[in-house]
């Protein structure tokens, strides 16, 4: 595993737990974690249960006893590492976003396709697809339970910037983060909407906006929080992204990604409205799916709250009895299951780098549309 | 109409509005309202739209141009007025509780049965049966949609006594109110549970409790509120009633009536659990009914939130389009519709005085059970 | 009252009921209802309780014993009637939309302003402002309880066109209805968002879309429903409107009006996100308001569900005790209260014709933006 | 760890994960798992990550390299193992119920108290106390945020017996399971209610009921499910337990434990009503706590939905960012943290065996009350 921040913790938990609950076709060994700072990465190895630590990712990639490279570094290093790993014949799991630019994502996708010809697998980490309620929503759409998709509303609402005095973390600086709400959380909303509906965003019109232009510089800080200083600096990424998408087949999708919806902590919500039904998902109630079957008698119509904790729901069989909840990190175990299974089966795991590239192109088109007065632009 | 308090306002609204939305088989004229205080009742007549006011109910009952007597006085005068009205050949609508004692209720029921032989109709005012969602719940049970009833939970939760310094209103004095939470709101919970299930409470075990024994005397006050004085007096009715009932057919019902469930304002809730489904109603969301169909596939099970505002739902046809809400007083219009229709059709309206007597007997059995250490007692 | 369709019923109920619960400064007499068809309007008068009926609105407007004209006809006749009534010195209540075109609305506003100089009052009927929870939301924003408004999400979601075989009613024909989802329900979303926030939409970018282009012609039909024939005709209004607005002060608002959000029956929802709090309202739960106070300790943050049924909530004092619900038509009583009070007080009731004109201009700008590839356009 | 069923999986996950997220004062090694069947327990060791497996728990307890014994066997063997382990100087974590009889629980408690004098710790596994929302509810009560406790409603609702043809598993046989809904899930409701309020059940009155007396015998089966045969056998445990408790201090608590509340999968709910506030918890939404602060202005009263996922909430600091959910098994990690911390600190972990004994006494009193016509009985 290359990197060991917040995402490193989540991925480590996935690798650790998945083999305990699922019968994986291959044994998993947590071999080595890589970071720049020798002491920090050694601590991370001890904390998260990796056998070794290292500071030179190139040396690790060159090792024969490494089969899989899991990339959880910031987006600006994804391309270099992933391409090198694929060329070295390692299966690659790369955290989202696939890259910070479309060009990088294209190079990665090309490398992934060439590697695939040699049986080398690659996947990008949109783990919310693997929340059982989201996977089950996809299954219901695929089974025709809501008919033709007419409208989609996808939003990812957070509020940690509502306070104008929240400090200027690296996530608010374009040179570090690449993007603001759009790339960080909007990407999830797009991926989940496409995954559930099976449709693609083909054209977009939108606006990116920085609602609070200056914030206190951070005196020191780790992760999302930190201590504010008395000086102020410019926020160089978007606080809010509002955009509309035309989906393959003609349906309309409306998107919102924001860190300013006060009171909404982690509300990744997708509602899909079809000709014979509808589905509504909210990550803040991730064990539930709202399903509306429009073919019921008029007097019995209503959204039903399905607890997606039944043995027959996706991924649920090895977990707990009915009505016992799963949490955030379970998606990382499911990701391990799917990735390892695809490696063993010789099939292409999804979302592929190509899927990740598509999301990057949607993000890029939204950004250009915003620069051109919300003009409608093709995604490709 | 005899009486003109809070219930008088609600009944007046029912008489006024029902003929505007429903095609009643008989024309309604709001003739005369009766009260003890001439000025107050004249004001009430003007305010609530009655053609005349009067102070002598016996004289009004004797009038030939009066066909219907609507009794909304406190419970201790129901028996005398209702029996006199029935004997005078007037159809009688009597607000709940039917009476303050079982003996009075028995006399009223006997009078009602004799009057019925002469085509005179009588009904008791459990209007929550006529909230469309509650009526529809009854319909679903009757249609077998939840199978055999196994368990019932019925509760009526309020919180206006949570504050130990809330004043000692007449509703907290046994000689005035007859009963506390049990008779005032528990009666509704029993009636609604029986109505929806079609079953009867046959045996009970329970406890009545006064949680705050002394309260400030009221300096002055109207209705539920008032100003507290510095002296204190004893609360002589129950604050909370908890009881279990054995229903006809064997199912168990658990009841709670309380004015101490902090934060619950008017939560009359009934949940019926059956062998193939379940229903859940909450008066605080009176336009909704939760319905669970256990015959759905395992993965699609869930309570569905039905907005009971469709044209084909009970009582809904003449009201507003789908998704437009009804409120508290609409039940009083529906009560007028059902009562006037029964008079015109020559059928027995429900709940009959006999139904009201049964509720009184349940209340009485609960009170006796509480006095005997929660012993199980037969209702009759 | 000119007109007697669905809105005529609602307005009639407002005129009938308001004086019974509120102490109005002027007595209300329901004098005459006007319609084209003599028999139909006579029936309406009897049904809704108007003393007379008439077929010539000009003659009615000319009568000295008429003080107020209430216009509930389709939008294309509003301008002619309202201007004539104002010129005749009648106070005018005009149902929304103010008019079908901006030009008409401008003429009406000019007439209203001239009339106001003579003490003649005029108001447009956005009654959802008068749902107590909505009014209270406005009060909380005005009192600074959510700080500076940062983002607004306003949507009006219905689903009666989800079925592609729903018939082609007059509401789907531009020459009759003027507009589709945008004007019919989107207007409410705009008005309510502006009312609650106290801000104005200044610029817009959006798209209107007809998702189902052809539908079965109606063989016969009344109101929203009807019987489909085997022939098909073109839908000439929008099914969906998605647009973004820049509010005065700089906040962003995202709007959606649609008849294709399957399972959503009448979901007029406004969520306002501020620097120190947030509010969320949904007409499908119209007696509730969700309020988030961001100044609470971190561990106690959360949206609270306020039952807006307290004596001290707007409009609530004369209604029922705490926890007893109001319904759709209560807003029409509140409208009567506010209008009659303004007439008696000699103040300008809101929303004024000028407010209605502003809404028309927003609608017009959205329509033009849609025609120009979602370009950002000024509202004026 | 002695035993390796469903609870063994959950406990193993707790031991495995806790050290990765929390800084424990002692290192944890998962040494040996014990079971009767050598092959099955060897498989369990491999699956759940224990270094060794064994079949003789006495031999394991005798080992010097074992510090902690975790008992997850059925209740009838708890006493023998726990007492032996304590006598051997091992710290003991014992899954609930502490024992199947009060006598056994008394012996265990005595052994625990003697062991405590030598610094040996023991704890019983009511893990729902360690769901952060439940722990936080306890903190709010302890901090006086809801004032004096007046009423408690505690219920644990499941529905897996609603179907009368569900097979006769060992959980429905008194000789195997000891108790039905009362001991299996009612125990959790009692413990959680006592934990949150800090009060004790002192007297009880209740009824146990078997709603479906005969069920198909199981042909074969594992865990909660299995295949039904054509023969039928008697259900010898309770399906439903309804009881009322008098709490220390005088408050009333109403309890329900049932496997017949159709549609409720795992609804352990506790609502505590106090003089200045209220709290409501539902395990089906385990990351949320409803909190009502009655000291707010009348117009701003309402239950607020707190997402208990903030850094400052109990147990949350080492987990994920705000708004990321925890699941069922996280409570087992928290249990490990608390148990290991108490061992290192030399303090008594809670719930102690004495706490577990008290719960057994409440269960016993309920059972006896049921046998004596719901008579009120003292718990001791």
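Order of writing sets the chain letters: A, B, C and D. Residues in each chain are counted from 1.
Here is the rule we use: contacts are C-beta pairs under 8 Å (C-beta built on N, C-alpha and C of every residue); 3 or more make two chains touch, one makes a residue touch a chain.
As the structure is a prediction and not an experimental result, all values here were calculated from the model.
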Request  = Would you mind checking which chain's C-alpha centre is most distant from the centre of subunit B?
outcome  = A
Note = Between C-D and B-C, more contacting C-beta pairs sit at B-C
Request  = Measure off the straight-line distance from the CA centroid of subunit B to the CA centroid of subunit D, and report it in whole Å.
outcome  = 41
Query = Any idea how many Å lie between the Cα centroids of subunit C and subunit D?
reply = 54
Note = subunit B to subunit C, mean C-alpha position gap in Å, rounds to 36
Request  = Mark out which residues of subunit C touch at least two other chains, giving numbers and ranges.
outcome  = 292, 301-303, 307, 311
Ask   = What topology does the chain contact graph adopt: line, ring, star, complete, or other?
value = complete
Query = In the complex of these two chains, what residues of subunit A are touching subunit C?
reply = 146, 150-151, 153, 159, 162-164, 205, 207, 209, 211, 240, 242, 244, 250-252, 254, 256, 258, 260-263, 271, 273-278, 292, 294, 301-303, 373-376
Query = Across the complex, what residues on subunit D touch subunit C?
reply = 136, 291-292, 298-308, 310-313
Key: In the complex with subunit D, residue positions of subunit A that touch it   = 6, 10, 12-13, 16-17, 20, 47-49, 158, 160, 223-225, 265-267, 283-287, 307, 309, 311, 320-330
